[in-house]
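Several structures are given next for inspection.
Across the two complexes that follow, chain A remains constant while its partner is chain B and subsequently chain C.
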Partner chain A sequence: MSAYIIRRLLYAIPILIGVNALTFVLFFVVNSPDDMARMHLGGKRVTDQAIEAWKEDHGYNKPLLFNEAAAGTAALTDTILYEKSIKLFLFEFGQSDSGRDISEDISQRMWPSLAIAVPTLLVGLAINITFALLLAFFRATYLDFWGVVICVAMMSISSLFYIIGGQFLVGKLLNLVPISGYDTGLHAWKFMILPVIVGVIGGIGSGTRWYRTLFLEEIHRDYVRSARAKGLSEHWVLFRHVLRNALIPILTGVVVVLPLLFIGSLLVESFFGIPGLGSYTIDAINNQDFAIVRAMVFLGAVLYIIGLLLTDISYTIADPRVRLD
Partner chain B sequence: MIKIESLARKLPESPGAFKIPGSIGRVALFACLLTVTIVLSGCSRQAWNDPYRAGEAAGPIFYSSFSERPKHLDPARSYSANEWAFISQVYEPPLQYHFLKRPYELVPLTADALPEIRQYASDGTLLPDHAPASDVAYTDYIVRIRPGIRYQPHPALARNDDGSFVYWPLDDETLDRVDALADFERTGSRELVAADYLYQIKRLAFSPNHSPVASLMAEHIRGFADFSERAKAAHDALPRQGGMRPWLDLRGLDMSGLAEIDRYTYRVRIENKYPQFIYWLAMNFFAPMPWEAERFYHQPGLDEKNINLHWYPIGTGPFMLTENNPNLRMVLVRNPNFHGETYPVEGSDEDRRIGLLDDAGREMPFIERAVYSLEKEAIPRWNKFLQGFYDNSGIGSDSFDQAVQFGSGGEATLTEAMRERGIRLSTAVETSLFYTGFNMRDPVVGGDSERARLLRQAIAIAIDFEEFISIFRNGRGEAAQGPLPPGIFGHRSGESGVNPVTHEWRNGTPRRRSIDDARQLMVEAGYTDGRDPATGGPLILYYDTPAAGPDSKAMLQWYRKQLAKLGVELVIRATDYNRFQDKMLKGTSQIFSWGWNADYPDPENFFFLLYGPNGKVESKGENAANFRHPEFDALFVEMKDMENGPARQQVIDRMVEILRVESPWLFGFYPKAYSLHHSWYRNAKPHLMANNTLKYKGVDGTSRIEAQSAWNDPVLWPLGVLLAILIVSIIPAVRGFRARERSRAL
Partner chain C sequence: MAFQPVILWTDALVYLLLVLIGLMVWYTRRHEHLLTPWRRVSGSRTGQATMVVLGFYIAVGLMDTLHFNPQTGVDDAGKPIYSTEVLSVFDVVAGPLRTQREKTYSAPFATHLFSKENVQTADGRMERIFPRLQYGGAHLDASGAGKLADIVQKGAIGAAQGVVAWALLILLLNKLRIGRIRDLLAGRRPQPWHVGAWTALAMFAFVGALWELSGYYHVLGTDKVGEDVFFQSLKSIRTGLIIGTLTTLVMLPAAILLGIMAGYFRGWVDDVIQYLYTTLNSIPGVLLIAAAVLMMQIYMSNNADQFNSLTERADLRLLFLCLILGVTSWTGLCRLLRGEALKLRELEYVQAARAFGVNHFRILVRHVLPNVMHIVLITVVLDFSGLVLAEAVLSYISIGVDPATNSWGNMINGARLELAREPVVWWSLLAAFTFMFTLVLAANLFSDVVRDAFDPRLREQR
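The block that comes next holds the complex of A and B.
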């Protein structure tokens, strides 16, 4: 398995280079450093000198790919490509265009993202699997039919509706929890309830339907028929055999998103005022702080690759027949 | 009928069956814990949905929100309202605006009086105050600050017994221990001296600080540009250590226009005459900076922890920023070293009537702490204001109808729902202008030809900004008759202020001229029925805008309809902000909309937007219309140096007249600010020039907490109903489960 993991990690390098190259082209060809400078210097009294000084201070006055004025390796390293893109491979995110240290920001902001995303995932998973098993248990009945109809309806509703509706109902009409906001440490609990509830309810429709489909696929397999022929009860068949055999696709879906939990949810964090990495990314896009956007795109790519690798490893745990060679 | 207990008894007999009794036990335990939590929470007066920690709201704390995280809190760099909202409470320039007086009036803040202004001829002869501007070679502003003012407690100023600095140089052990400024255990303070003001002016000139006013000040302060070059050269000559250059002590470099006369007095020498400079002395750019702070923040390792001057200001003001988490909240706490200031005793009769002079002569500030929470979305921000968790709020377009209604006379009043909660409304016409401009370099709408002039005038009549204000601004604005908003010297209201090109005075109000007048102008311009004689088809004009989102679609469609009234086809060229800026810089736009918010209450700050040498294409200045008119430019040069008075008004009237006839701008509208505040929040008079107004505000925490408790009683019955439904649904579910099990067994 070690060889497999090393091979997969090596495969990741060209992927990350590709992601970085694409991001670099988008940010520095489509958008010039002058545009960035103007955006950051504001709308008033922006002079050419101010733009040049800003670019120099942020290292955007260097040549893009090759520095003819520099000698030796500096011809390659004293460039925007190296400073702003290659250094990401060393996880040196540097400073944001507004002057804050990106690594420091990420290390602070990943915790609120996790505080919301982890309970949302776990509670959502438990509820979705439970509902899906119930629908599979009651398959081809009115309960199953109406359950699927409700799931489709829930899938069709925008997540914004759940957020605003949740804030209005729970926070404003019932006055049970704060509408939005966050606090540090243990004081954070009352701010987590509503985003988690909204996140879970918003995911029930798609989650339940997806797991129900997995379970129904399994339910018609030969081993299930054999189990029933042995006289096992239906719930025993479902929970002991079907659930276990449906774990691989479930794991595919779950493990791959585990690392991405750090990145948080863009909409939920923005509406609930959660100071996580989701809102960090949204703010950076709105403010054209491309140093942050580049870092977050790179981090997202790395985490996704890690997620896929973890998924492969988890297969071997869920199904001993799978071998990673 | 299947009984639940029989099912529970039977199930464990099957392998892997549900452990219902155990589950019930755990559920019961959780329910008990939840109940205890709820009951305990209920014993407190704090509302369940209170976003703050228990007991806080009863104190003299001001709660508000901010929607956009500030980028820089360095007074040399910061130039936006959302940043000044914080740093203006911390930094103290020598002057400030009187809180109550209108028109706006400058008064001393840390200075003991308004600056002494001395004008000199080129041979150094002292000139009288009213000497012609052409005779003035340079002007000295002499500022004397009050002795005894001290800085807030700050680690940069902490000293050991032997006089050395505690945190300079910083050792690795201390550096490892700190993550925020509050982690430094020791703080110190020192007296404010004149040299601190001079140091800050040097910081404005130091290019790595990216001060947005550097280029402007280089035109006015003697030796500023030269200092800037020398400082830059000295900075570049410093060898990099660990990726950064060491701190450059700007005290060691002289700026010829600056002089420290004594410990508390300094002089700034201005080239020629620049009367507007006094307004700059009321801005944060000219607030004092202790050199120790800059040296402290420049130490290796602190920037990586975001401990720098951009995020941790140091000042002498009434408040100090103790928590700077722009991702969550900003907290200002009363500065224990504040020099003291009393609430103004002068105000209008109206101020007295509405209680704005109730605190006259009392020591400020009235609040101990101000908590600003990050609230990016308008809906939660509005709802939390209604719940009493924010003391004040603006009014978004979504909630406008909920809050404000217009009376028969067009006056804005609060709705019944707002009045029931004791909410109060403050309105003020802003010292801002939103205008639509023509690119005067454009061959169709620009230039000095009579044809183009008439075309611009016709469009100025056709675009009905009264309708725009009604549709898109909920009535929050005033159609502009000229470039100067109310409150700026030179603005005329009433009949004498009407723009005769676009409006006429009827029944005591300005009325927009009929569209027939505009069509007649089009005929005179050679565009009968909007037809372009060159093509025979409709005249096609282009409107450049960065408003490309779906929200702007209705507004852009409205612009098209306005020109369609003349038979002109308006093509919308929507693009992103960067491309829009690019077009403006290259002069490839035709019609555009822009705005300007006054830096200071002087007409020069608006007329310079149309001064020829400030053309956007020519000099990358702020004259986006690239308007150039010899008479206007000459009058501008004359007007900018004049004292306010009848002579200046006369010049301004002529300048406005030129602009109305030439119509490089459609004057658009002056926005009107509407803000709401709760009954427990006092002295909420809008001030459109000053930002350091937090010290005047007061909060009655007891009233607030009573209102919060009354407005936020938790409603529990829907939870009970939900629980009952769940319990009731268990029975048929269990029956179904059993039936299903049996059917499978068959």
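The block that comes next holds the complex of A and C.
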């Protein structure tokens, strides 16, 4: 098991190198630092001195790959590739283009993201599984049929509609909770309710439908038929046999997104003014702060790979038939 | 009217797509085994109804794809001068909808502007009133009395026109091949064509009524700069369809080629391809799109002189968005195809072909590819609705289509702050969401039908 984990961790290295190379090409080769500086300083009427000064301030004034002026290893380390890209492997994200320390921003902003994303995931999971079990219990009846129709209809509604509609209905018409904002500590609860509700409702359609498919697939298996043949009641079959076995794919689907919860939801956070990593990313995109976008791309890739690893491990825990070696 | 045809990049790709679909239809019609699953699609009531709805969207989208420069005059030498403005056939059909602009917001079917303005009255005093709209309900008298009766009347006329158009279409189809109309409408045919026919009737009547009314009113109101929201929503159809279809079109060659190669050759080819898609897959899609679009924005703003017109620029941006969405979405299909090819390469007929010394390329094209096409088709249809929805979200975080392009995402983005107004400006949002919902719902239902018809695994269960 530990040998497997180590091997998987080693396998992650070339992938991260690939991600890094891709972002490097995207951010520094497609457009030169000069282009970036001009963009930030605004338009064409920018003097060369201003561009040089901007690059100097943000550390983009070094050569891309190889510094001929420097001696020894500095020829390789005193470059943009090393300073801006390779240092990401050490989780040194450096400074954002507006001069703030990215690592510190991230460590502060991931908590509000988690505070929204974790309840959304858990509540959503509970509700989706309940609905899906209900539909599976009443399979091939009108209840099942209309349940699926409602699910498909809910899937077809844009997530923007849920957010805007939720804000309008609950926040503005009913005046129950604040429309947006955040507070420190436990006072944050009233700002959390609406985003969580919106997030859960937005996921019901696709989630319920997907879990229903998993349950139905399981219900047609031979062992379920044997269980029924033994004379077990339908409830018992459903909860004891079907639910437990169907939980394996559900569990792995959940585990893979766990690490990504840190990043939060871009849309929900920016609409509700939650100071999490999602709105951080959106602000960075809108302000064209490339250092932050670059850091988030790398962080996202790392978290995704951790998610994949956790999935594999959770398989062995949930299903003793699976062996990793 | 003289004109000069314009083919934008996305137009060219749409034409290519049409040619490919045409070839596919031509090929399928000649092969009974390929026709069978399609019969199952047309044999489904849901399939019939959704195809009609999708047909309406596609018709508008295609009309909006035929672009041209209108002629503005003649120069001294007698040569025609063409405007640099790019119009589409749909713009011409929509006619007054496009040009009849009000000053600012007005509610659906309103005769007066939404906000008060200072207006000078006949005796020279200034007064704060809701000014009369310039075009909306202009045929009514000054007070706008009798509006409701007028709307009902105009709507009924429009619906009747729609019904007549529908009847003509049915008669035309009847001339072609479909047999007795009474049998068709009563559902006495083996295929449920009557569902399609009745859906078409409802759509024709509804669209006819809306169309007739839109000549006299702003049926969905006007937006901040006074543009008709109904017109905007219709123009957005093309953007939605382009994102949903061209994205898959541009990613298909890579996904198919790499997927079946990885599964068929295994070994180092498989390793390289797996590495490629794992790497791309491990970057969260939104972030990759954001990074790429940001870079494109810089490129476009620093090389603004390369683009002849705003339309061309917006169009290239749309194409680029399709490309980058394609890059993020091909991995799923590639993995599915790899798995399938892994299975197929061990089957007897592939083994036999190899034993006969058929070369790899031929095996891939003749034996592997046809047997994975159902997966490709199912994925393409399933992806469509997700892409349409994604466009709106991306446009909201300003990494979507060009702000100058008509799209539902841009409409929502422009209108969302107006919900804070009192009274609320809701029609832009509602229009965009309704148009998007109808398209996505139809696409979702249709894709379910296609999946059920083509997936052999699902077929065995029945």
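The definition used in the following text is that the second predicted complex is superposed on the first by the 316 of 325 C-alpha atoms of A that agree within 3 Å, B and C clash if a C-alpha of one lies under 4 Å from a C-alpha of the other, contacts with A are read in each partner's own complex, and residues count from 1 in each chain.
The definition used in the following text is that a contact is a pair of C-beta atoms (placed from the backbone, for glycine too) under 8 Å apart; a residue touches a chain by one contact, two chains touch by 3 or more.
Everything quoted here is computed from the prediction, not taken from an experiment.
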Open item on the list: After the superposition on A, what does A:176 contact: first (chain B), second (chain C), both or neither?
Closed with: first
TODO: Could you look at A:146 and tell me whether it touches chain B, chain C, both or neither (first, second, both, neither)?
DONE: neither
Open item on the list: After the superposition on A, what does A:23 contact: first (chain B), second (chain C), both or neither?
Closed with: second
TODO: Go through the superposed model and pick first if A:285 touches only chain B, second if only chain C, both, or neither.
DONE: second
TODO: Name the contact category of A:189: first (chain B only), second (chain C only), both, or neither.
DONE: neither
Open item on the list: Quick check for you: in the superposed arrangement, does A:155 touch first (chain B), second (chain C), both or neither?
Closed with: second
Task: Contacts of A:223 with chain B and chain C, given as first, second, both or neither - done: neither
- [ ] Answer with first, second, both or neither: which of chain B and chain C does A:89 touch in the superposed model?
- [x] neither
Open item on the list: With both complexes superposed on chain A, which partner does A:270 reach: first (chain B), second (chain C), both or neither?
Closed with: both
Task: Footprint overlap on chain A, where chain B in one structure and chain C in the other make contact - done: 31, 35, 38-39, 164, 167-168, 172, 270, 288
Open item on the list: Quick check: in the complex, which residue numbers of chain C touch chain A?
Closed with: 275, 278-284, 286-288, 290-292, 294-295, 297-299, 301-302, 385, 389, 392-393, 396-399, 412, 416, 419, 424, 429, 433, 436-437, 440-441, 444-445, 448, 461
Task: Touching residues on chain A, where the partner in the complex is chain C - done: 14-15, 18-19, 22-23, 26-27, 30-31, 35-36, 38-39, 43, 152-153, 155-161, 164, 167-168, 172, 220, 260, 263, 266-267, 270, 281-282, 285-286, 288, 290, 293-294, 296-297, 300-301, 304-305
Task: chain B to chain A touching residues, read off their complex - done: 14-18, 47-51, 53, 69, 71-72, 79-80, 207-208, 210, 212-216, 303-306, 308, 310-311, 325, 327-328, 373-377, 379-380, 383-384, 386-387, 389, 577-578, 581-582, 599, 620, 622, 712-716, 718-719, 736-737, 740-741, 744-745
Open item on the list: Applying the document's contact rule, which stretches of chain A touch chain B when the two form their complex?
Closed with: 31-32, 35, 38-42, 44-50, 53-54, 57, 95, 98-101, 103-105, 108-109, 137-138, 143, 164, 167-168, 171-184, 187, 190-191, 228, 233-236, 239-240, 270-273, 275, 279-280, 283, 287-288
